[in-house]
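Below are two complexes that have chain A in common, paired first with chain B and then with chain C.
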Partner chain A sequence: MTFIDKFPTEAKLVRWHFGVGFVALAIGGLFGLVQALYRTGHLRSLLPINAAQYYTVLTGHGVLLALVFTTFLICGFFVWAVTRSLDRPLSHPRLVWTGFISMVVGTTLAAITILNGFAPELPFGSANVLYTFYPPLQAHPAFYVGAALLIVGSWIVGADYFLTYRAWRADNPDKRIPLQTFMVLATFVMWYLSSAGVAVEVVAFLIPWSMGWISQVDPLLTRTLFWYFGHPVVYFWLLPAYLAWYTILPKLAGGKLFSDPLARVVFVLFVLLSTPVGFHHQYTDPGIAEGFKFIAMTNTFMLLLPSLLTAFTVVASLEHGARQRGGSGYIGWLRALPWGKPSFSAMALAGLVFAAGGFSGMINAGMNINYLIHNTIWVPGHFHLTVGTAFALTMMGVAYWLVPQITGKRLQHRTLAAIQPFVWVIGMTLMSNAMHRGGLAGLPRRTAKPLFRGEGAAPFDPVVGTISEMQLQIAIGGTLLFVSLALFLAVMVGTWLSRPGMGRLSVNGSIPSALSGPADSPRILDNLKVWTAIAVVLVIIAYGLPLYGMLADGVLAPGSPGFPV
Partner chain B sequence: MADSDTDNTDDGVPRRWLIRALVGIGFGIPVVIEGGTLVGLLKSGLFGDGDGDDAATITGPTATTSGPPPVGTGDDLLAASARSATLSDATVHAATDGWRFALTVAVENTGDRPYELRLGTVTTQNGSRVDGTAATDRLGVGESATLSATYALPDGETPATMTIVGVDYVDGGGERLTRHTVRFGNVPVKR
Partner chain C sequence: MTRLDDTALSRRGVLRAAAGTATAVAAGTAATGAAAAQAYDGWFSGDAKGGAVGNYDGTTVDRTGTDEVTIDVGVDANGGTYGFGPAAVRVDPGTTVSFEWVSNTHNILIDAQPDGADWGGHDPIENTGFTHTHTFDTEGVYTYYCNPHLTMGMKGAIVVGGDSGGGGGGGSDQPTVAADYGDWFTKSADGGATGNYTGDTTDKTGTDEVTVEVGADANGGTYGFGPAAVRVDPGTTVTFKWTSNTHNVLVQAQPDGADWGGHEPIENEGFTHTHTFETAGVYTYYCNPHLTMGMKGAIVVGAPPSGTTGGGGGGAAGSSVSPASTLWTAVFAGAVGVAMLVPVAVSYYRRTPAPDSSGAFDYEPGGDTDDQPAIPEADAFEPDTELGHDEYDPVGTLSIVAVYFLILVGMWAFTYFIEFLGNGPTIMG
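Up next is the complex of A and B:
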């Protein structure tokens, strides 16, 4: 029985979350193309923006993709995961609708302030503060209120995952938590713990400051609160992709998950280690003792472990699947994987690209070598491999498989869908490779200037290639990415608008159980209360003293007035 | 229930060649690009001159560092001559009705003859040229003046160079013109 027939209310919720997320993806992706061309100086005169509006576009791109698209997709995807794996409807669907509406209102408010950069006649004021909204750059209060509503909305949605789990537990006192639900709950434990930081930043400091109720804020304190949330948020994006790789991908490959216990261990490690690492984004910030940066670095390198475990488990599961399909040989089995199936190829390619992103992430994480690439375009090169591909492309793969199940309609334009993930990977290789090389040469991120004519290029020292050649590669890569995105959206819109019952629904939503099941692992793994408590202790160790130091000299001091942009 | 997801075979067109081609270029292009980068890194790391750069830097379009050093606010535009002309402000204003480059120069006639300074054409980073007409009055020895000028730039462009002309009034009524090209460092863009 298809998901939509069994759980119509939940299917509708997933549809709405995905729908809003895809609109954000479409607009954000268009902005991405504009940026890629503008900042590299290609077709610049055809673009309808000037250099000051570049930062409007950049803010829109970061906010719509990294904050809005991700949050809606995750909340919707998790509704499916919880319902399917507990095999029961949500306990309070109205609560989820409430959260959804809060997120939509928040997104709308923030979007209006951002678009103000193009059309000052829109209500409120502008918000060219980029998606990190660092003070003293100051946005209109509506931007911060919108950000807060987005986060609070996700908390409300998340509450029902826990309530539904509680209802299930009352009926099933002795069973192990189904794996997908376990992953959802672990992700949200981490999300509640970490997003509290940005909520405090926005509600206690930025909203009063932008309203004029307080005259200054401490930039170091607010940045610290931001990055307290800013690293775990990357795992908020990544863990849903892991959920898909662990539970859906092996099945698409024709096999089964290799080890359920290993998957649980991985998620527990993320609950513990995701938050006490935020200082690795602040290596160059003054006012934080080196020792705490060092602790953040060691924790970060420990976080490699669960990702390496994931690589092992997922690849082992794929190999199992391929051998079931008749694959053989040491690497020959790779050919037996269903590369023509877009849901599979999107997720598998996303996983491969993520491995590359992990390597460049190790450079970012090293306290000394970070200085080489800090604030250069290397950094966007890195995170387009992670959130921009590992998350985004995986979710496209999920959509190819799930959207038929939540709409009851057959996937349309299958040839386009089969091509799309490959175009994405080629575009991303070009763009990200050049961004990494540009970063090594010192090319800054977040700048509207092409920086290769005249003296702008003098400080740059490319190791491989030339600056203008890299700029061209970024422009071509960005264009291919946009083409790929358009293909994806065409498939989605075509499927959504197609008449129901056009042909048999060829997708099968069942997920086989793991080769090594949960009974092979100790029960303590499922005790999220214990892991939450340990996570809180680790946070206190990592953040207690430095935060105390920042607060002791006055909560708002040393402070800065706002610079409205 | 058979656990098969026959998504890509049940529409009758196996598309085998298409998938082969996709996998080929989908993996081929990344391998070529990343492989090329790796070779480049190794070349530079093992056989480079130790500065971290290679010949590409010198031959590429990036190497335009010759000429006088770039100037910023506070610098003397006539450092190489006996007169002084200090750039006291230089800003690009990105207004909605167009981009304007505004600069202010404090001129002091530190020479031994009457002197006049004229601001000429500004060339942008993108190569557009905008003419200017601002000039000081004739300054006696030891006199000073403040010269302000505004240039309407094409949207999105910032100044790269400017020509300035110094006029010496020689005894007996003649003029002697000296032309300098000033290179700007980073000029801030403000809204």
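Up next is the complex of A and C:
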């Protein structure tokens, strides 16, 4: 039976989460276009912003896409995954609604303070603090309250995943946890563990500081708390994409997941290793001993393992599908895959782009080589491959498949949907390669200024190409990305506005069991309590001493007053 | 120019600064170049660094005839406590001005003061209750700002003596632009001094087409732009004519909103590059291969300032954000509002009754009931030949993953050994 008929309440929850997420995607994507044009100096005079408002746009882009769009999509997607795989309704749907409303209120507060940057004469403060909101940059208190409500809301939603699982466990004492639920719970264990850091940062320091209750905060401490959360958050974005690649993509390819136990091992590794790595974003921060950075680097490189395992398992599952569809040869089978089906092509292309992102991630992670690209436009080049494509494009693929099932409506504008993922990948290839090369040549990120020769940065000459050619590629790539996004939204709005019950859907919601199931894997894999305990120990090892050092000289010292922006 | 402009040129320097991005925001604005000179040379306009000043309405408060004048630091303005009150004030020579802090974390840095003046401002950041005094003896215009809140528009000006100072009247609609190149032609700028810049700007206003030679005899070879500095009217098409080999034209700075891209490829004798300069302001450019020889140039677009001390423009000086930003706000508020309403509209749509003809029914989620059938899905995919676990060898996957791994290692090696080790210290140096 179609998901909406079987679980109407849950389908409605998923719809609302996706709806809000797509609104954030639309606004954030528009901002992305503005940035890509403004900072490269193309059509600059047509854009109704000035250089200071560039940072308003940039804050809006980062917050709405990396924090809001992701969180709503993930929470909604997981509602579907838990319900479907446990084959039972949520135990406390009201709890999930509460979390959802908290997230909506938080998002609205934060969005108002950010957008007010366009009209400083209005009384809503402002918040050009970028999505990393580093002190001493200071935003209006409502921005921080909004961020806190967003995170707390996701915790509340997450609580019901666990409660529903507990109810299921009571009825099924001996069964293995279904894979999707296992993945959801593992992701949320990691999320609770890591987002506690940013919650402390915001609630204990930034809110009191922006309200004027405390006059200063210690920037190093707050940054450390931010990155304690800031790296795991990228796995919070990525693991839902992995969930889709492991459990939905093989089916769309016409095959089965290659190995269920391997998938569990991968998620366990992420629970263990995602959090004790945050210092790799602070390689250039003074005040943290090299040794702690080194531990973070080692852990980071260990994180390559689960990603390589994923590459293997997912590609093997696709190959299985392709061979079942009559594909053959060493690479010839790739042609047998259903590239014309948007849900498939979006997810598969997202995986391909992610493989390219793995390369720049390796460079970022190296403690010394990181200095080459730190704070250059290489870094946005990297994360538009990961969160900007591996996550975002995968979720678009999920939407093409899932939105019909949660609305009961047939997917509209199918041709637009079929070309959309390819336009996205072309745009991203242009934008991201140019960003990577520009970064190597010393082009900084987060600047409103079109720099034609890496002014003020490392005096490198580009290895290949010229700076203005890169700027042009960023502008064209950004435009194509925006076009692709518009196509996606047109398909979604069209589908959403169409009438339900107009006949057979084009998608099928059943998911076949894995080629090699969980039955013969060790049961300890499912024991999340054990893994959580080990993860906590690893976090204490990685963060205990450095945090103690930062606190020992006074919680608020060495401190800095705020610089409202 | 000023301290901030210098930091703007060193991005890494900016990042080192405690205020991090806060300064970068300021630098972004500061870097947008000189612009139309209005009252106080445009100091209060949106084009100057820090942007427009909300509490400057074009009037200069007259405090002549008083020996002691007070200016409040951190009055309510500019979206917070980010104003100098009053923003612009006229005093007699010899007047002692007290700056009194009425809110926290401000300082006073000097943007410009007359030759021979010795006001030092007050660099340390101070809180409510602090006072800084200075006696202004030298006549002329002083402009100053609060560094932490420059981007909010916390700027001020003092006119000492005279009667031609600040908020002077009228002037024509034509923007006036001073031929101010900062230190661009001096030896303290990138590339050193420019031999063929004599301190004069060749006036080509009134001509529609102007030619600049690229590679004129100068600077110990064919390493000059001829003329090095030229003034043209807005809308003039300038032709850059290569008169010797291996030069290019890169833009160093241009006004906010200008779109000149220069000509980055290196060209030889006979090549021409043309651009029409619409936006008023100062453009500076150079030839990259011969920058170190001093091959630099500048173009000033706009009329020369007519008056003496800071005359010109008058009341039009931006008292708040530009109209464009209001438009932007309206569009966005609208877009956000509409976007937020979409899900609501959608759920109402569902309730509207179905047209009878289409055979559709008023669907309620929940499946097969008396009133409606369940929504049917597509059929699941059934392979012709099912491939079980034991028959399946993922050889294709193994080869793809192996190739990927090799690419990964190769690119890493390239980045590490060529890009990283090959380029010597960067940020550390």
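Structural remarks
Convention: the second predicted complex is superposed on the first by the 553 of 565 C-alpha atoms of A that agree within 3 Å, B and C clash if a C-alpha of one lies under 4 Å from a C-alpha of the other, contacts with A are read in each partner's own complex, and residues count from 1 in each chain.
In the analysis below, a residue touches a chain if its C-beta (ideal position, glycine included) is under 8 Å from a C-beta of that chain, and two chains touch if they have at least 3 such contacts.
These figures come from a predicted structure and were not determined experimentally.
Following the overlay on chain A, a clash is recorded for the pair chain B and chain C.
In the superposition on chain A, contact is made by A:Lys341 with chain B only, not with chain C.
Judged by the touch definition given at the top, the superposed model places A:Arg44 against both chain B and chain C.
In the superposed model, A:Leu137 makes contact with chain C only, not with chain B.
Contact with neither chain B nor chain C is seen for A:Pro89 once the two complexes are overlaid on the shared chain. When the two complexes are overlaid on their common chain A, residue A:Val507 makes contact with chain B and with chain C alike. By the touch criterion stated above, A:Gly494 is placed in contact with neither chain B nor chain C.
In the superposition on chain A, A:Thr466 contacts both chain B and chain C.
When the two complexes are overlaid on their common chain A, residue A:Gly549 makes contact with neither chain B nor chain C.
Counted by residues of chain A touched, the larger count belongs to C, out of chain B and chain C. Once the two complexes are overlaid on the shared chain, A:Phe359 sits against chain C while remaining clear of chain B.
The single stretch of chain C with clashing C-alpha atoms against chain B, selected from 276-284, 348-356 or 402-410, is 276-284. Where the contact sets of chain A with chain B and with chain C meet, they give residues 44, 50-52, 120, 251, 254, 448-449, 452-453, 455-458, 460, 463, 466-468, 506-508, 510, 512, 565.
Remark: chain A residues 1-2, 4-6, 8, 11-12, 15-16, 19-20, 23, 26-27, 30, 41-45, 48-55, 111, 115, 118-121, 125-126, 128, 130, 134, 136-137, 215, 251, 254-255, 258, 284, 308, 311-312, 315-316, 318-320, 322-326, 329-331, 333-334, 355, 358-359, 362-363, 366, 368-369, 371-372, 374-375, 405, 408, 440, 442, 444, 446-449, 452-453, 455-458, 460, 463, 466-468, 493, 496-497, 499-510, 512, 515-516, 560-565 touch chain C in the complex. Every residue of chain C that touches chain A in the complex is listed here, in rising order: 8-15, 18-22, 24-25, 28-29, 31-32, 46, 51, 54, 78-80, 82, 104-105, 125, 148-149, 151-152, 250-252, 256-259, 261-262, 264-265, 279, 288, 320-322, 324-329, 331-333, 335-336, 339-340, 342-343, 346, 349-350, 354, 358, 360-361, 363, 365-368, 372-381, 383-389, 392, 394-397, 399-401, 404-405, 407-408, 411-412, 415-416, 418-420, 423, 426-428. Contacts from chain A toward chain B in the complex involve residues 44, 50-52, 120, 251-252, 254, 338-343, 345, 349, 356, 401, 411, 414-415, 418-419, 421-422, 425-426, 429-430, 433, 436-437, 448-449, 452-458, 460-469, 506-508, 510, 512, 565.
Chain contact summary for the complex, chain B toward chain A: residues 1, 3-8, 10-11, 15-16, 18-19, 22-23, 25-26, 29-30, 33-34, 36-37, 40-41, 44, 51-54, 56-57, 60-65, 70, 94, 96, 99, 125-127, 155-156, 158, 160, 183, 185, 189, 191.
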